[in-house]
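Okay, so chain A shows up in both of these, paired with chain B first and chain C after.
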Partner chain A sequence: MTFLLRFLTRVPGRLTVITFAVLLAVGAVLVNSSAPRVWIGIYTYFCVTLMLVLGLQMFMGNSGILNWTYVGFVGIGAYVSSILSVTPSVKALGVPNMYPALVELHLPVVPAILVGALVAAALAAAIAWPLMRLSDAVGVITLFAALIVMHVIMTQWDNVTNGPRTFFGVQEFTTIWIAVGGAIVTLIGAHMFRESSLGLRLRASRDDRFAAPAIGISVVRVRYLTFVLSSFVAGLGGGLWAHYITSFSPKSFYVAEMFVLMTMLVIGGAGSITGAALGSAVITILRQGLLQLESYLNNSGVISFEVYGLTELGMAFLLIVMLIWRPDGIIGGRELHLPFLRRRIAAADAAETAGPTDPI
Partner chain B sequence: MIDAEFLINTLSLGSLYALLALGLVFVYGILKLVNFAYGEYIMVAGYGLFLLGSYTALPLWVIMILSVLLAAAVSYLTEIVAFRPVRTKSLTAMLITSFAISVLLQNAALLFVSPRSRAVRLPAAFSQSITVLGVTTPLRNVLTIVTAIVLLAGLTVLMKYTVLGIAMRAAADKFTTTRLMGVPANLVISVAFIISGFLAGVVAMFWIGRSSSVDPLIGFAPLLIAFIATVIGGMHSLAGAVAGGFVYGLLFNMLSILLPASVISYRDAFMFVIVILFLLLRPEGLIKGSYTEERVG
Partner chain C sequence: MLSVKDLHASYGSIKALHGIDLEVNEGELVALLGTNGAGKSTTLKAISGVLRPVVGSVRFADEEIANKKPEAIVKKGISLVPEGREIFTSLTVAENLRLGAFSSYQRSRYQKDLEEMFALFPILEERLNQPGGQLSGGEQQQLAIARALMSHPKLIMLDEPSLGLSPALVDQIFELVSALRDRGSTVLLVEQNAERALKIADRAYVLKNGRIKFSGSPQQLESELDLASVYFGGEEGKGEVTV
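Moving on to the complex of A and B:
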């Protein structure tokens, strides 16, 4: 028992991350067995989104750089995996201008998603090195500019992406089990990364950009490696997302979607895994609630005009309030931990080191 | 290719972009904040035109002045309500706040006005044409150039010869030291936001004058242009922003003429690749200003 407790509390946040993973799995079982179909869909979507937010946390949360391009890599994962997994006949129909060589390419879904993630990571590896030298405002504008370049290419290169039109016909592969599995693996992976040597060095460079090189950390190198890793998760999540949603267009990978991911991360607390996970859960619930309200208002005819934008308005408002009230998010920069377990461990440790007490 | 028409077009486009970039840099210079909500001040001015034009019987030029003031007021309001509380925290918090404000204002327009674009009425001068140097051009273009000259001259006087202007330039250079000299931080920052909003409002009149309509997403394109122009010109000096605006206007017109039709749709991608290259190779921009090295490695 003590051994288990010690394992769970040795690394900060390990216990809460494992608790979260268990909750996710239990939630999936419960939703799948007793909830209506709509809920299964929402839960699957939540798990894929959680995966994306955790991938974003890896780089943005640990390096402190606002990573606008992230959603672009999600798009690359989605497009590459879909182009590979959709059968040639459907592609010829759906994307009339596609290069013949691409139409011929066909892979089963799992390798297609993996290739999508690898392509996203490879592209990140190719462009990121110089970008990682920039910090603060300049870094943000550069990554923002990179997102716009990616978006322009996605909307204009209709031989590959079908241009601004919808890319459809993707097979529905991502079930609730695959999504929850992906989310749990990413959750544990992101936690392990955060506590790894690379993660620690990156966090050091975030906390003091000038002290970190003084203790031998190559700031550009750690940022670069993490950026590539984070883009890999983005591509993987993008592939799963595409095979859940089955039809999408380039505007799914642009500023508005990035705002949702960023809100989830920042509201929970960008600095911690538990923050990212909690933020995703809170915003998903809030968004679903507001969307329901919006469609209720539109369909019931209670008010005379159509309601648009209530969801985003509510999220933006909440985000501003959070940034003023708790700029580090609900959890803050440190992992959530359960204090009473800590105390028990500390007591057990103290008893061990003190040895048998002398009766006299 | 270089004829009088090209010159007038480029000058008027450049003037508009110079004002646009200047508004962004006023805030950036002091707070080091890239204000993502900047485009929304333009949208606000546009909706000012629409709402006042539809529901009041004021003369059009009064409506225009009120709309410009509305943009300045909204800019000031965002500073007081949202930026001031997070100012002391972190730059990232401030950046995300500015983005959240942008989303908030956009969706407020979407929710309370309409997702569809709305026609606005502007004075007749905005749709007339005029012949200058043997070229027939919209009077709007000439008005843009004249407005830019007047505003730039006025701002130069303000920044060079008034105590407020000197304090603002000092704050843009070394904010902490300026505060130690007894300059009130809140005042300087508020004035920067008001000028920024005012410039956005003025730009809005000409930007919206081209299409005579306003929609909730109208602020995005000018925001991107302001980004590009400030990066090219130099984010750390007001003169740089103006230069960047003109260079962008020239670059944009040249690319429109020179690029073959098949790649013209990638023009924005080219512009932003130029931005990235500038940030990497010459981050101080064309005009250096008080630039200090911020990069690592």
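Moving on to the complex of A and C:
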């Protein structure tokens, strides 16, 4: 028993990450076996969103830099994987102006999603090279500008993306099991990254930008590597998202969606994996609740006018309340720590060492 | 081991160092003394690569390291404990110590090093899972020194380790610094507290306005130079005021 406790508490956050992973798996089994169909869809969507928030946490949470471009890399993952996985005949129908060479390209879904993630990471590697050298505030503004550039390209390059029109005909590949598997792997991956040497160095540079180089941390390098890694997760999540939603347009990868991801991260606590996971869950529940409320109000005739945008209002309100009372999020900057468990382990250790050395 | 020749450094247009010559041999504890603004911290920053570019030569273990990046210099074995205990306040004590070791990380050695640090600084073991920011000033200073030691530095440079600590803690820190020398570390110590530093130092340099004013043993320094004049201005050389 103490062996298990010791394993779970040795690294900060390990206990909560494993708890979340188990809850996700159990939740998937329950939802799949006994809930209405629409719930299965919501649960799948939640798992993909969780994956995206965790990828965002890797860079933004550990470096403290608002990463506005993130959702753009989600879009690249979505478009590249869909262009590769959709059959040529469907593509010719859906995107009439597409370059003939692209129409011919065809891959199975799994490699298509992987290539999408790799393209997102490669693009991140190219644009982050100058970006990560910028100081914090200037860097954030440039990241925002990069998102606008990516959005303009997605809406205008209709030989590739079908322009502002919907890109449709994507195969429905992402089942609840694939989504929950992706979420659990990302959860554990993001946790391992946070506690790794690279993650620790990045967190040190967030804590004190100027003390970090004095102990031998190359701030530009750790930021760069993490940005590329985080964009890879964005591309992967984007591919899974596209193969769940099956039709999308460039407006799915812009400020409104970025705002949702950021709210999830900030409300839970950007500094920890526990916070990212909890924030995603809280906001998903809140959004679904408000959507239900909105449709009830509009359809039941309780009020004489129609209401729209309750979800956005609710999220903005929650964000403001959180920023006033708990600017570090529900969990705060650290992983959840449980001193009483540590004390129990220490007591067990003391009993163990006292036992055998007892002379009489 | 460390040999600095004709080192010039400046902050923008303000020159802070006008040709420093300095020598630290293996196993020595060398004190670098001087008033505020004399260039003590600047010298350490220039050696550790935090302040660049510099003009002149810094040789460490027969290798030119002037204008190298700080992370490269840490890898060569020079560790700086900056002024004002720059530990990472939101990271735990354990994480701070791990950061000290990352440039030469070996899992097997790491556990042994940690235990050695706990023997030197018992308080750190108690506080292992607390954020650095919750530690008192003296504890933070111990953590800063322990973090530097975790990288097995060939040369450890301490910038005013006694600054802002209560007298009892100052005693503790000075005992610790001489203990470091006794266990074979090479130390370059910057101090305002000249009297205390001279008691434990093998050799000393006195800096004034970015130039070396004196170098020699603590005994020589006390007989040739009036410390009060260095610290309070006035005539150099032996004056009326005795220390």
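By our rule, the second predicted complex is superposed on the first by the 344 of 360 C-alpha atoms of A that agree within 3 Å, B and C clash if a C-alpha of one lies under 4 Å from a C-alpha of the other, contacts with A are read in each partner's own complex, and residues count from 1 in each chain.
By definition in this document, a contact is a pair of C-beta atoms (placed from the backbone, for glycine too) under 8 Å apart; a residue touches a chain by one contact, two chains touch by 3 or more.
Everything quoted here is computed from the prediction, not taken from an experiment.
Asks: Quick one: classify A:S218 as touching chain B (first), chain C (second), both or neither.
Replies: both
Asks: Just chain B (first), just chain C (second), both, or neither: which does A:G309 touch?
Replies: first
Asks: Figure out whether A:K91 sits in contact with chain B (first) or chain C (second), or with both, or with neither.
Replies: neither
Asks: Could you look at A:H191 and tell me whether it touches chain B, chain C, both or neither (first, second, both, neither)?
Replies: neither
Asks: Touch test for A:R14: chain B only (first), chain C only (second), both, or neither?
Replies: A:R14: touches no partner chain.
Asks: Just chain B (first), just chain C (second), both, or neither: which does A:R287 touch?
Replies: In the superposed model, A:R287 contacts neither chain B nor chain C.
Asks: Who touches more of chain A, chain B or chain C?
Replies: B
Asks: Of the two partner chains, chain B (first) and chain C (second), which one does A:H243 touch, if any: first, second, both, or neither?
Replies: Neither partner.
Asks: Identify the residues of chain A that lie in both the chain B contact region and the chain C contact region.
Replies: Looking at chain A, the two contact sets intersect at 213, 218.
Asks: So in the complex, the part of chain A that touches chain C is made up of which residues?
Replies: Its residues touching chain C are 12, 197, 200-201, 203-204, 206-208, 210-211, 213-218, 271, 333-334, 337, 342.
Asks: Quick check on the complex: what are the chain A residues that touch chain B?
Replies: Per the stated touch rule, the residues are 64, 66, 130-138, 140-142, 144-146, 148-149, 152-153, 156, 205, 209, 213, 218-221, 255, 259, 262-263, 266, 305-310, 312-313, 315-317, 319-320, 323-324, 327.
Asks: Would you tell me which residues of chain B are touching chain A in their complex?
Replies: Residues 28, 32-34, 82, 85-86, 89-93, 95-97, 99-101, 103-104, 106-108, 110-111, 114-115, 216, 220, 224, 227, 231, 235, 265-266, 268-269, 272-273, 275-276, 279-280, 283, 294-297 of chain B touch chain A in their complex.
Asks: Within the complex, which stretch of chain C touches chain A?
Replies: For this pair, the touching residues of chain C are 48, 50, 69-71, 73-75, 79-80, 82, 86-92, 95, 98-100, 102-103, 105, 129, 131, 147-148, 151.
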